[in-house]
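Down below are the structures I want you to see.
In what follows, subunit A forms one complex with subunit B and a second complex with subunit C.
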Partner chain A sequence: MNKKNIPQMAGAALIAAFAIFPFVYSANDYPYIMHILITGFFYAILASSWSMLAGYAGQFSFGHMGFMGIGAYTTALFSHYLYLTPVPTNLCTEFPIGDMYLIILDPIGITSSTLTQDCLRQALDIWDGSVQVTPMPVWLGIALGTMMGGIFGLLIGLLVLPLRAAYLALFTLGFSEILRATVSAEIAVTRGQAGIELPYLFDNGITLFGHQFDKTDKLPPYFAMFFLLLACLGILTWLAKSKFGLFVRALREDEDAAAALGVNTVRYKVLVFVITSMMAAAAGAMMAHYIRIISPNNLIILQMSLVVAMAVIGGVEHFVAAALGAILLEYMLEYLRNSFEIGPIVVDMTTWRLVVFGILLMLTLRFSPKGLLVPMIDYFKRGHVRKETMAKRNAENTP
Partner chain B sequence: MEFPVFFWAALGWMMFWGVLGSIATRYVYLHKDLDTSSTRLLGSMMGAATGPIGLVPLWIKTPEITTRLIIFATLGTLGVFMTAFALADPGNLCVTNGSFVASQISNGVIIGIIYGFMALGLTLIFSILGVVSFAHGEFYMIGGMVTYFMTTVLFPEVTPIVGIAAACILTFMLGALFERLFLTPMYDGRVDRPVEYGILITFGLAFTLQYFVQATVGANPVKAKRFFDFPRLRLPSAEDPWLIKTSRGNMELFETISISNPRFTAAVMCILVFIALMYFLRHTWTGKALRAVSQDRQAAAIAGINPDRMNMLAFALGSMIAALAGAMLVQAFSWLPQVGAIPALRSFVIVVLGGLGSIPGAFLGGIIVGLVEAAGTGCIPDPQKAASYIPAYGMIVLTLTLLLRPTGLLGRKFASGTHGKF
Partner chain C sequence: MTNLVVHDLHKRFGGLQVLKGVEFEINGAELIGLIGPNGAGKTTLTNILDGAIKPNSGTVYLNGVRIDQLAPYQVAKVGLGRTFQVTRSFRRMTVLENLYVPAMALDRGYSKARIAEKAMEILEFLTIDHLRNEYAQALSGGQQKLLELGRLLMHDPEVIILDEPFAGVHPSLMEIIYNYINRVNESGKAIILISHQMDSIFTLCKRLLVLNGGVLIADGPPDEVKRDPTVIEAYLGTDEDEDMHHDAQASQA
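Our next item is the complex of A and B:
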């Protein structure tokens, strides 16, 4: 067996393990473990796409969670405000589409249900159950969220074109803060801090492998998130291996030199923003449908810090390592949640675990800037190269 | 707002001519082979203020761009914007009530001084280390927390100066320790990309400090008692023979402007510390060495200054200034471990607006941002929304600065160190 292939084989084994895990694991905490893994996959998508943006392209953006939020809020608002009915309500804003009517609800926010009702509910009261209202398909919402993430990525990418390093980090952090402020302020539309509710990812259940799964089952969202992660990693690998990856790394090392050598820096800088924000938005949209609520608290800086810490501890210049780091650290975060007692002192680990996490992040940066997983991968790859060059040298030295 | 359509139309008109002016003026000046460094700013301001009436003569005559011209155009833009707002919303408190406006302006200036003071720490760190300290807000928070514990929990009888001093010493040592442990690899090429390393490591420090404080103190808001009471001056009379009475209330000037006690004392102390700091920077050897390193690192090293030690001093001093701002504002706001995020972001805005490494610029920028926030919170019709949008006002200023005048108001064109350059 070739030593160089060990990382690839380990990766394949890991994918297989994650694929069969839900079928073989059957302990009592099955839903809990599944939830941790789904959340882990979610963070893995964010961390790996952020490592593409920050590690590969050198654009240290702190607005990644903002793009996640754009995806999540787009699908939330889409499924919350748009419905299809066969007859017009004559109360809402509505457009005929084929033989159906597209209903746009009026935003009323959180009001007492006895005083104000949205126009659709009033219409339903009048119809008294005689009309079937169709909600919008979830997958269309997720696709729209992804697209919206791409559009915002394009806008932000164009705005930050002249900015480098610290300016870029500040500007994107500010963008994400503005987004959070807007979402919490526009209570009538987004329901502010209360958060907006979403339908299930598979609202009518789904039949997989000849087994009917309920909408609350963890297995369908597990595979949905898992395949999204695999798709993102696949796209990222393909991009990194192609000309795109090369150009983007040139951008990171020296933008002026890259431009002088004929790299269209504007195009690649914007493109890398668009692609990574689409990934973040897709992950956010899917996660929002899985946890079924999205609130401005999902956009706070803590969330961004978690993604950054996961990517850095895994390996910021290697997105597979970043993804793995995210899954491992998400598990670690949950594992550390258990509070314990030292004599009379109760240590509340729900907060201390984040301190541990922060210290781990700083120590990783200081003593192993490539991350904790990348040196392991490098060990196998480099070991092989060294042996080969040694063999070559030996052959040259003994004529 | 009574006529929102009119307001947005006016804003759209200004933005259209502003964008057109910034692009076309630069093009015209470039075409005539003239200096284009301030054309963006002048063109956009002229366009927004006067539309085609001012732009066309500008394009034809292409005068030399002076600071006075820019200031006139900027004031014109402000005037047009305010007129449009007043016409669109004639019933607004900002338009009808003069004493409210005076009150907002004075409060904006006072809080702006404190903002500027906090940003001073960041600009010190930025100009010497070339790093944006993302932990600036956390030092601010720690300064407030330490002062709260010293003055309210541990020693309620002691003078607040002791609490402030404790906060300063602690954060100074923390800053110095962090710099020695984690920032030293940046200077000698041990990390590939020092600027990004600096961003990430201070980000990690911010995260660690914030949750360390939350784990030890808890997440409940705390409030420190106010440091000093206002003296109330009153003529002595038979039943009240003392000249000076103390009062806990707000200071009322001319019976219109109301200034809250904690903010006022904080601003006064900030000014005092600022004067002391300026003396330190301009008249002591260490201060001169600090400024020398910020101007030219290598030349300073040749002159016998150890730049590494100045790095440590700058980071510790900058962190201490943030903590001092926090220690003074802890009496004005309720305090949480998360309280540092918005002031940190605001300090970044001020530093960019004032110009990197410029100390007067930081103060000017602070006052401008304070006024913009006071205008935003006072004039937006829905008060709840206005308060929620506080981080956005600064960001609008930041975006405009970066687009129109990236060097900032009083910024140097270049500075030493490994800055995130444009």
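Our next item is the complex of A and C:
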């Protein structure tokens, strides 16, 4: 077996393991473990896409959770405020679309709840059950959230064109904080700190593998998030192996030299922002439907730091390593919640787990700056390079 | 035939006038030395030629295309390539990947196999083919200079600017760089060579441009430029100056 293929084979085995896990695991904590894995997949999408942005392209952005929030809030507002009815309400703002009417509810702040907001509630009272009100499809909200992430990624990508290193980091941090402050302040529309509720990812349940799953079951969202992660990793792999990957790495190494060699640095810098922002937004939109609420707390800088730490510990210059780092750390952070006893002393790990996490991050940065997984991948992928170099040099020097 | 026309270039940074009406023309595969003291405006001129900065006034045409307002990547596509004073290899990319960047960016319609083949030919010529899969950061300073020159061969531009290609290079690699310059020039490319190593400049170049204080003070064959009193005063100095310099050093010692 070729040593170089071992990482790919390990990856395939891991994908297979995650695919069959929900069917073979049957312990009592099944919903809890499934929740951890779904959350792990969510962070894996964020960490791997951030790895493409920061690790491959050298654009050290702190705005990634902001893009995640844009995806989440777009689908939240879309599903919260828009409905379809076959007849006009004559009370709400509404537009005919084909043989239906698009109803836009009035923003009424934290006292509102889904489907019972002023104008529509009045209409429902008048109709007295004779008219069917259709919520907007969840998949359309996720698609819109993804697109919105791309649009904001384009804007931010254009704005940060002249910025590098710390200036880029500070700018994107500012963007993320502005976004968080805006959704906090716009209580009438976003319900502020109370957060905005969303419908289930599969609100009417779903049939999978010949089995009907309820909207609260963990398996459908598990596979939804898992496939989104695989799709993102597939796209990132394809990009990394194409000239896009070559150019963004050249961009990271030396923007001026890349431009002097014919690379349209503006195009690739903006493109990498758009693509990775769309991935973060898609993950945010799907996660918001899974946890069914999005609030400004999801956008705090601590969350961004968590994504950065996951990518760094896995390996920021390898998006698969970053994704694995995210899943492992999410599991570790949950596992460390368990308190334990040393003699009469009870150690409450709910607090100390973050200390353990911080120490792990510091040790990684100090002793393995490429991350914990990348050296292992390099061992298999590039272990032969030095031997080949030396062999060729020796052959040339031999008379 | 290559035709580069630089006309009345002016560049100002705040109150500092760096270029003051520089103009010259290159026709065909000339090998030209661009010399001048530090602060003469050589780097600014180079950066204007490759599109990194825009002039306040004046024009640059390459083969009939105005390039002074284009972005660097567009200038590269029109046919001007350069190396940098301080070597700027893509350090965390392999040697081969470094060569693939210009080949892929300029998209000359070669297949991937042809690009790989050409890259290997270049690396063999530069004697660093055994390092093809190493990261550029593993190369010595001189080897990185060679890699930068290799990238230009992949780029294959009509006009090449070599900024201090001999700086910090081990004497054993100098010969390779000499061969490189002569071979590229003989293949029909115009080369502008910027160096403070006068021996190399006088050995290789058939024409010299001398910049001083943003003004082109001389343009002609090396023998003629060497004797030009303005150039001697501004840059080259005399043998007496050299003797005085050595005496001063000796007395300090």
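Rule of thumb we're sticking to: the second predicted complex is superposed on the first by the 366 of 399 C-alpha atoms of A that agree within 3 Å, B and C clash if a C-alpha of one lies under 4 Å from a C-alpha of the other, contacts with A are read in each partner's own complex, and residues count from 1 in each chain.
The working rule: a contact is a pair of C-beta atoms (placed from the backbone, for glycine too) under 8 Å apart; a residue touches a chain by one contact, two chains touch by 3 or more.
Fair warning: this is a prediction, and the values are worked out from it, not measured in the lab.
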* Asked: Of the two partner chains, subunit B (first) and subunit C (second), which one does A:Ser368 touch, if any: first, second, both, or neither?
  -> neither
* Asked: Regarding the shared-chain residue A:Leu173, is it in contact with subunit B (first), subunit C (second), both, or neither?
  -> first
* Scan A:Ile301 for contacts with subunit B and subunit C and give back first, second, both or neither. => first
* Asked: Touching A:Phe247, do we find subunit B (first), subunit C (second), both, or neither?
  -> second
* Based on the superposed arrangement, let me know which partner A:Thr237 touches: subunit B (first), subunit C (second), both, or neither? => neither
* Between subunit B and subunit C, more extensive residue contact with subunit A -> B
* Which of subunit B and subunit C A:Leu261 touches, first, second, both or neither -> second
* Asked: Touch check for A:Leu163: first (subunit B), second (subunit C), both, or neither?
  -> first
* To do: Overlap the subunit B and subunit C contact sets on subunit A and report the shared residues.
  => 252
* Asked: Mind pulling up the subunit A residues that touch subunit C in the complex?
  -> 243, 246-247, 249-250, 252-254, 256-266, 317, 382, 385-386, 388-389, 392-393, 396
* So in the complex, which bits of subunit B are touching subunit A? -> 126, 131-132, 134, 181-182, 185, 191-193, 195-197, 199-201, 203-209, 211-212, 214-215, 219, 341-342, 345, 348-349, 352, 384-385, 388-392, 394-395, 398-399, 402, 406, 419-422
* For subunit A, which residues count as touching subunit B in their complex? -> 54, 58, 60, 62, 159, 162-171, 173-175, 177-178, 180-182, 184-187, 252, 301-302, 305, 308-309, 312, 348, 351-352, 354-355, 357-359, 361-362, 365-366, 369
* **Residue ranges of subunit C touching subunit A (in the complex, touch as defined)** => 50-52, 71-73, 76-77, 81-82, 84, 88-93, 97, 100-102, 104-106, 129-131, 133-134, 151, 155
